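So the structure is just underneath, and the comments pick up after that.
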Amino acid sequence: MSALIAAPVLLPAFAATLSLLFRRRRRWIGAGVSIGATALLLAIDLVLLGQAATGEIGIYALGDWPAPFGIVLVLDRLAAMMLVLTAALALAVSIHATLTSLDRRGWHFHPLFQFQLLGLNGAFLTGDLFNLFVFFEVLLIASYGLLLHGQGARRLTAGVQYVIVNLVGSTLFLIALGLLYGVTGTLNMADMAVRASALPIGDQGLFRAGGLLLTAVFALKAALLPLHLWLPRAYSGTAPAVAALFAIMTKVGAYAIIRTGPLIFAGAAGRYMIPAALGTMILGFAGFLAARHLRVMTAFGLIGSTAILLVAVAVFQERAMAAALYYLPHTTLAAAFLFLVTDLLIRWRGTEGDAIVVTPGYRGQQVLAALFFAGGIALAGLPPLSGFIGKLLILQATLSSSWWPAIWAAILITSLVAVIGFARAGSTLFWKSSGDAPPSPGTSGARALPLKEAAPAGFLLALMVLLTVAAGPVTAYMEAASHQIFDVADYARAVLPPASGVGS
Amino acid sequence: MIAAALIIAMGCIALAMLLNLFRLFRGPTPADRILALDTLVINSIAFIILIGIQQTTTTYFEAALLLAMVGFVGTAAYCKFLLRGDVVE
Amino acid sequence: MHLILLALLPFLGAGWLALSPRASRDVHAGIAVAHVVAALGLLIFIAPGVLGGAPDALRLPWVPALGLDLSLRLDGLGLLFAALILGIGLLIVIYARFYLSPRDPMGKFLSLLLLFQGAMLGISLSGNILLLLVFWELTSLSSFLLIGFRSDTADGRQGARMALAVTGGGGLALIGGLLMLGHIAGSYELADVLLRGDIVRASPLYPAALLLILLGCFTKSAQFPFHFWLPHAMAAPTPVSAYLHSATMVKAGVFLLARLWPVLSGSDWWFYLVGTTGLVTMVVGAAIALFKNDLKAILAYSTVSQLGLMTMLFGFGTPAAALAGIFHLLNHSLFKAALFMNAGIVDHEAGTRDIRLLGGLARLMPITTALGTIAAASMAGLPPFGGFLSKEMMLEETVHTAWLGTHWFVPALAVIGAALSVGYSLRFIVHLYFGPRRDSYPAAPHDPPLGLWAPSAVLVALTLLVGLFPAVLTGWLVVPAAADITGGTASGFHPALWHGVTPALVMSVTAVAAGVVLLWRYAPLLRAWAALPLFEAKPVFQAGIERLVRAARWLSDTVHDGSLQRQLALLFLLAVAIGVEGIWYGGYSAGTRELLPAPPIAIIAWSLLMAATAAVALVPRQRFVTLIYISVIGLVVSLAFIHLSAPDLALTQISVETVTILLLLLALNLLPKQPVQLSSNPERVRNLVLGVAGGVTSGLAAWAVMTREPRNPISSFHWANSYSGGGGTNVVNVTLVDFRAFDTFGEIIVLGIAALTIFALLQPAARGVSGQRLRAWIADLPRSPERHPMMFAVAARLLLPLALMVGLYVFLRGHNAPGGGFIAGLIVSIALLMQYMASGFEWADQRRQIDEHALIGFGVIIAALTGVGSLVFGAPLFTSAFGYVSWPIVGKFELATAMLFDIGVALAVIGAVMLALAELSHIAQRAQKEPVEDDGPMDIDPAKLRGARP
Amino acid sequence: MKRLLPHPGLTAMLLLIWMLMLNSFSMGGLLLGAFFAVLIPVYTAAFWPDRPAMRWELPLLRFVLLVIRDIIVANFHVARLILFRRNRDLRPGWLAIPLELHSAEAITLLAGTISLTPGTVSVDISTDGRHLLVHALDVADVNAEIAHIKARYERRLLEIFR
Amino acid sequence: MTVTVIADAVIAGLLLLGGGFALIGSWGLAKLPSLMSRLHGPTKATTLGVGSCLVASVVYFPVHGGVWTAHELLITLFLFITAPISANLIAKAYLHGCHTAPGEQSMMAEGMPDAAENGADWATFGYDDAEEDPLSVPTGAGGKDPSA
Amino acid sequence: MSIEFLVATAIGALTAGGIYLCLRARTFPVVLGLAMLSYAINLFLFAMGRLVVGKPPIYAKGVAVYTDPLPQALVLTAIVISFGMTALALVLALRTFLETGTDQVDGTPDPDLLDRENRT
């Protein structure tokens, strides 16, 4: 298979270093390199998506070392989907950050941004567990940098927690990896899947512990109860545009669970993940309702909607997984969209930041209200946006789980809570204030053409609309992807060369 | 003969390390602890050499070399901290 | 295709209106009217075929995975409903054009109205129950915006939120219900579902599905006890009320009851749930309506009551009752829309809607009075208007209905309800239009312009005509609709003003008489009503929401209290629990590997480590001393690596350790030096317990793995191919730069990013709060005056080249012996840092001749280019190549691309470490209040001193 | 030449060290070592701005041998003190050694020598650079000890550092 | 044969010597009364101890390993360069601590050193009466170990 | 007493100490705890290749007994990464201390802080 598979990893590396080396030159070079590379990345990812859509699992053996021994990149439908999603999101966020001059509020925004993409793409592509760890670290450490971008006391205090919790998470990751290697003697996921099935009973306890621990680490990234405590402060503390990019971060955890669960651990963690996800959902939407600031609200909304996704994942069945896969891009885009809208609110409103309080009217309020309304619909999972379809899919698919009454109750009730929360926030933010006098020239309303700043958010919204309109093909793709995920034998066949000397 | 001497030497080093440990904990001043650490590093170098002789391999000598260099940097940094509070100024 | 166009037309209109905000009011109205008329025309065009018994249907696949198709279907029921929506919608648009004040944004209003209309039309056209759900939720959302159109008033906002909460919540229940229904029926296609009523009713899930669906219907149709949102939705502009509460929004629930009637009805569940709810709602709504003073509130509660009536009829589960229900639905739409418009006119012209301030309008507003009176009479069920006919049919049905075995219960309540409705209708007429003329009204009442009253006149005319010629006028519409409801068997539709003396007529007369009495004795009744311990639903609802929010806040704040300890404790606890769980459920057997005997020195090193560990954790001392203990741990770990055949690890550990200590010392300078006792004793115990548990678990896990034989690890391949395939004998290094070069690539990036982030963090530290704090910082340790001791500076000069040489050597040999780019990079960094330490930041910084950012960048680029370079030779990325070159004098030596890669690693490492440490020391620099005079590498330079003082 | 070989002595020493590290002789190794040995001083020259004039030949070698001898002797001496002398019988004391040496390098070398040899550790230098503070583990006569150090080491160093 | 025996004897002797000196140095570290005295142990005895081991190794490898190594010499060189500096810095740190925390001086048998003859202060604690007194920070415990 | 026992107990002790420190309420001990944990992890990961004395992973023809090189390579990567992470955490802790004047991490209720920051 072509070297194009590695492009999503290498391209950001070059873009990052280039914009790093050009940091002393004109600012726009860095921004241009970053945005251009992201757009190119999106194009490449789309090509890859086209390749993956054929059902063939693309394998790229780095260094020409065959599968279990060297590191291989694996491009299947799931990975391709994640890549495209990431690139699309990144494109919107990078443009938004440049338009709003976020990248000038501190050092090294664009290099960090590109490195973040590198980590994300690497994590989605790799077929090797330790390599997954490395890319997790890349994306985490880049996320630390981005999280702290612009700084300020609140961001820093939130950052300390985020960093330290994730550091401990990395530690556990390594323990899990060690155990798995110690028991199976391999690091390649496919090889591990093959070997795990042949494991003597005496070793299975250790293997299970390793697998569960790994899942716990992924759950930490995915912000699953009780490991979600870091998220609200971190995401609400950082710049909203950065938080928008971070919407994909919880999905990396989800992705890793999706990838490793069926492949290696046969869904052993599902029995714990379902109640945890239900709890997360409740806590997430409780926080959503409780929030006094829009970004806190969005952060909690992200937790809650990710939990909905994880419930479907935790069932570990093909249909539910397909539903989860459809919901995944939606929740990512929705949360990111709302974060971008929050950022616009902070910028356009001019006073009170993102606090959910009444302020005088300002220019662009109507547009913002419309965007906010769309964001609310998206995050609460109401029609006509894709969240509704996603939610229906999940509800439908989880019927086969013995947990279904609880799942249904949780999803439906939290949706109602989300609706109430949005109505409250929206009416305070946009209705109470609109009766006031038109903006005085001194406020931000006087700024020329702020509307173009809404373009990236509009792009995300358009993606959600696309996701809705094209729900048929998309769900078909996701069903195929889900089938591929559960077809362990096929995966192993594709990854491992037929005559692997040591394999098993 | 060498084997016996090695064992004795290693025993001596081990004892020496224990003594260093004593000083390390006993103090009483921070300088004492730094000194104990410094000595511990030097004893470790000896220990590495002895392991090398025992296993008849030179593979570990770089570690000893590095330890000699780096142990000094550590000691200097600690002392600098006590003297100035600021290690690099 | 017609159906698609039909479904799309309102949305197209809405979109057009939304995109042309600057057009004039008339243009806006024109656009809206054009779209509605077009839709209506299309409907009429389709209608004959549908009424002829051939439902128009269209199905396009949308989400096959979900069973959600773009399936549109127009049958008799849908046609009736769509006709109401579009017909009344048209009148409302016209009415709104004249009703709204010039200040109101007409375009936005009509856009929302059409959006809502589209959603409603969608409900009536949906041929797929999931598609119906989509439109259902859309009506909730668009009605939210419509109700909240007057967002500058608190009532408007609260009413909108309440409506959204209740109907949206119901909608969510409906999601569950319909999904279940489709699951039971095996299809979400309405046509299929309708055929499978028996299967559905037999399913164990049926009660649950029914309950959920009914929740959706009842909330939407404002059935008791969910009725309270409707009156508050009256805060909307009157055209909205007229539209939402007559023909559309609230009818959606009833429509759905009718739509699913063949599937769901026919069980006791259905009868008792639906019938009883409707009955109670009818009575309760009517009673409240009687005592309301706001015109729109009266109408709102009357709507509640009338909806209850319809619900009850559908609940009876008989075809005749369903027929009556659908007929009443039609009638109600006509008179209620007219009444709302009428109330709007009164409000518009008289300036108030409070019935107590009004009265005697008959002379002032004769047209309005005439129209209002007729419509209200129809509402009261007086002949010869449409309302009378359907009410007769209703009363007739109640007579045949037994409730829990009693035959009098339903009729009795029905009569009471009817009486009450007569009461409020008469009150509306008498107290508003007739009676004494007031001396003053808030405004001067007069009849409105034609545009305002004409729409209601149309409706009033219709209601009169329906009353006079029911079968002719409505039969063609109602009978097919009823047939569709009941599944093709409509019972006879014989509405007539005179059936002879039937029980229904008796009941009707009783009701009218009672209604008159009610109005006659209104004052004492009002007092009695006021004395009743009734509560207003709105404050209760709002208090409920507030309580919910408070509970959410409590929960959220309690759980997310921002304590790092809690998070970490949970994480560790979970890890330990997982270890236990894994072994417990997974199975475990002890290992069989032969153990290595421990020599005494190992035991001593071990005890060193244990002691140092215990000291770090348990002995509360100066932080500085703790660092020394950490150093001991690092040293022992390095020794362990050496003893256990891992020289590369030892080298790395030793050098990393030093750099870490340097970092810690640099940071500690600005941090508090003494630990502050913050943890309470229980916390310490908790920490200790968790620590020990974690330690035991990890130790046991390590023991468990170490004591069992390895299972043919993949590293045997690495061992075998290291030299032949990777060109190096140091398998660890070959693994790093070749087998797993991709890992290393990521690793240097991590390091680079860490340094960049540190840089970005510390650069702005001199500004703002932290800058103030830095400048106010006082060295809290006593400081010796000498900054750069002479001997140290001199030694550092000598050590720098030596260390660089060693670094180069370690780098070059890395491929074949312990060493490599990473370690070499660290050695070089340490050597340079030594200069910084010995001679000061400024002095060394001027001389370092390297740009760390560039180093990091070039390091990564070199590594990446090395990886990409192999593509040129047709090999996959990161493929290494090596060869042995023989040059004349030089001799034979190896060249490997891996070495190039390693150069990248080394450069990145140097750049990263230097950047991080230099920045960190730089920040301390800024804290110095004394200006740093950069004179030389050492404070006391004897040569210079003597030169100065010969 | 000065730019290329700022420290010829250092270059030689580095080359020697390189060959020592290589453990085996090869022409390629030598060339590479020479390359590095030239390169490194060029880079580090900035860190060593004013190097003292120094004689690299016999006197230095003699001095080194003397010091090695003294170190061995001193070790036995100190060992005896540690092992057999009771703590309270030790006579520790401070020696303030007046310096005739100029350059920092020379003084450092002296101080290092003092530290490595019998029972003495150099501790500090005076702020005017004219005295070296030395601690002695067991000293009977302070002045005699000072004279001994000056005669034995400083005189020789004065020969080396002209 | 005999060469080997002699070499072995030398090696063994050196090893014993090395181990012995290392032990003595550390013994001194543990036993001697004040830091200034303790400093002597490691700087000399331990250095020589390591040195002996290194020399032993230099002799050992050509004889038994068949390779000739010189890394040990390099290690020795490093140690000889660094040991006096370490000692110097530790002593300075100690004196500085004593100077700023007068309570500790009592532990020194030799007392604090006097100023140099011409009145110049020692670098570590000069500026005693200077206006810009770095010790003006009102803390007595800064450099002092509370356990003392 | 076997080396395996020593290593296992050492890992246990380091983990215990690391966890204990991590649960302290100040940033500095937490960072130290992370450092200790990373020692523990390095040893742990290393131990997963089983322990072998005196057989460094330097390839030579005919050598059949060797220590597993792969965990060593992994540990190397892990050391480097955890070094970068620790450095970052430390600097972040310092920076936060400078910005906020406190190095507490046990959760201070900070709605005020949020409001203040939003206003500026």
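The chains carry the letters A, B, C, D, E and F, assigned in the order they are written, with residues numbered from 1 in each.
Rule of thumb we're sticking to: contacts are C-beta pairs under 8 Å (C-beta built on N, C-alpha and C of every residue); 3 or more make two chains touch, one makes a residue touch a chain.
Since the model is a prediction, treat every value here as computed from it, not as a measurement.
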Distance in touch steps, counted as few as possible, from chain A out to chain E: 2
Chain D and chain A - chains in contact with each: C
Most distant chain from chain F by Cα centroid: D
Far-end chain from chain C, centres as C-alpha averages: D
Where chain C and chain E are represented by their mean Cα positions, the distance between them in whole Å: 66
Computed distance of Cα centres, chain E from chain D, in Å: 15
Between chain B and chain F, centroid-to-centroid distance (C-alpha), Å: 23
Rounded Å distance between chain E and chain F, as computed from the means of their C-alpha atoms: 31
Residues of chain B whose C-beta touches two or more other chains: 10-11, 13, 15, 17, 30, 33-34, 57-59, 62, 65, 69, 72, 76, 78, 80, 82-83
Of all residues in chain D, the ones touching two or more other chains: 17, 21, 23, 111-112, 122, 125-128, 130
Two or more partner chains touched - positions in chain E: 25, 27, 39, 41, 47, 67, 69, 71, 74, 77-78, 81-85, 88-89, 91-92, 96, 123-124, 126, 143, 145, 147
Each pair of chains that touches, named by its two labels: A-C, A-F, B-C, B-E, B-F, C-D, C-E, C-F, D-E
Touching residues (chain side chain D, partner chain C) in the complex: 7, 10, 14, 17-18, 21-22, 26-28, 31-32, 36-37, 40-41, 43-44, 46-50, 52, 99, 101-105, 107-108, 111-112, 122, 125-130
Chain C residues touching chain B - in the complex, by the definition given at the top: 599-601, 604-605, 607-608, 611-612, 615, 622, 624-625, 627-629, 631-632, 635, 638-639, 642-643, 647, 650-651, 654-655, 657-658, 661-662, 665-666, 668-669, 779-781, 783-784, 786-787, 789, 792, 799, 803, 806, 810, 817-819, 823, 827, 830-831, 833-834, 836-838, 840-841, 917, 921, 924-925, 928, 932
Residues on chain F engaged by chain B in the complex (per definition of touch): 54, 56, 58
Residues of chain C touching chain A in the complex: 61-68, 130, 133-135, 137-138, 140-141, 144-145, 148, 151-152, 156-157, 160-161, 164-165, 168-169, 172-173, 175-176, 179, 183, 545, 548-549, 551-553, 555-557, 559-560, 562, 564, 566-568, 570-572, 574-575, 578-579, 581-590, 698, 701, 704-706, 708, 710-718, 721, 725, 738-743, 745-747, 749-750, 752-754, 756-757, 759-761, 763-764, 769, 853-854, 856-858, 860-861, 864, 867-868, 870-871, 875-880
Chain E contact footprint on chain C (complex, rising order): 621-622, 625, 673, 778-786, 789-792, 795, 798-799, 802, 806, 930, 939-940
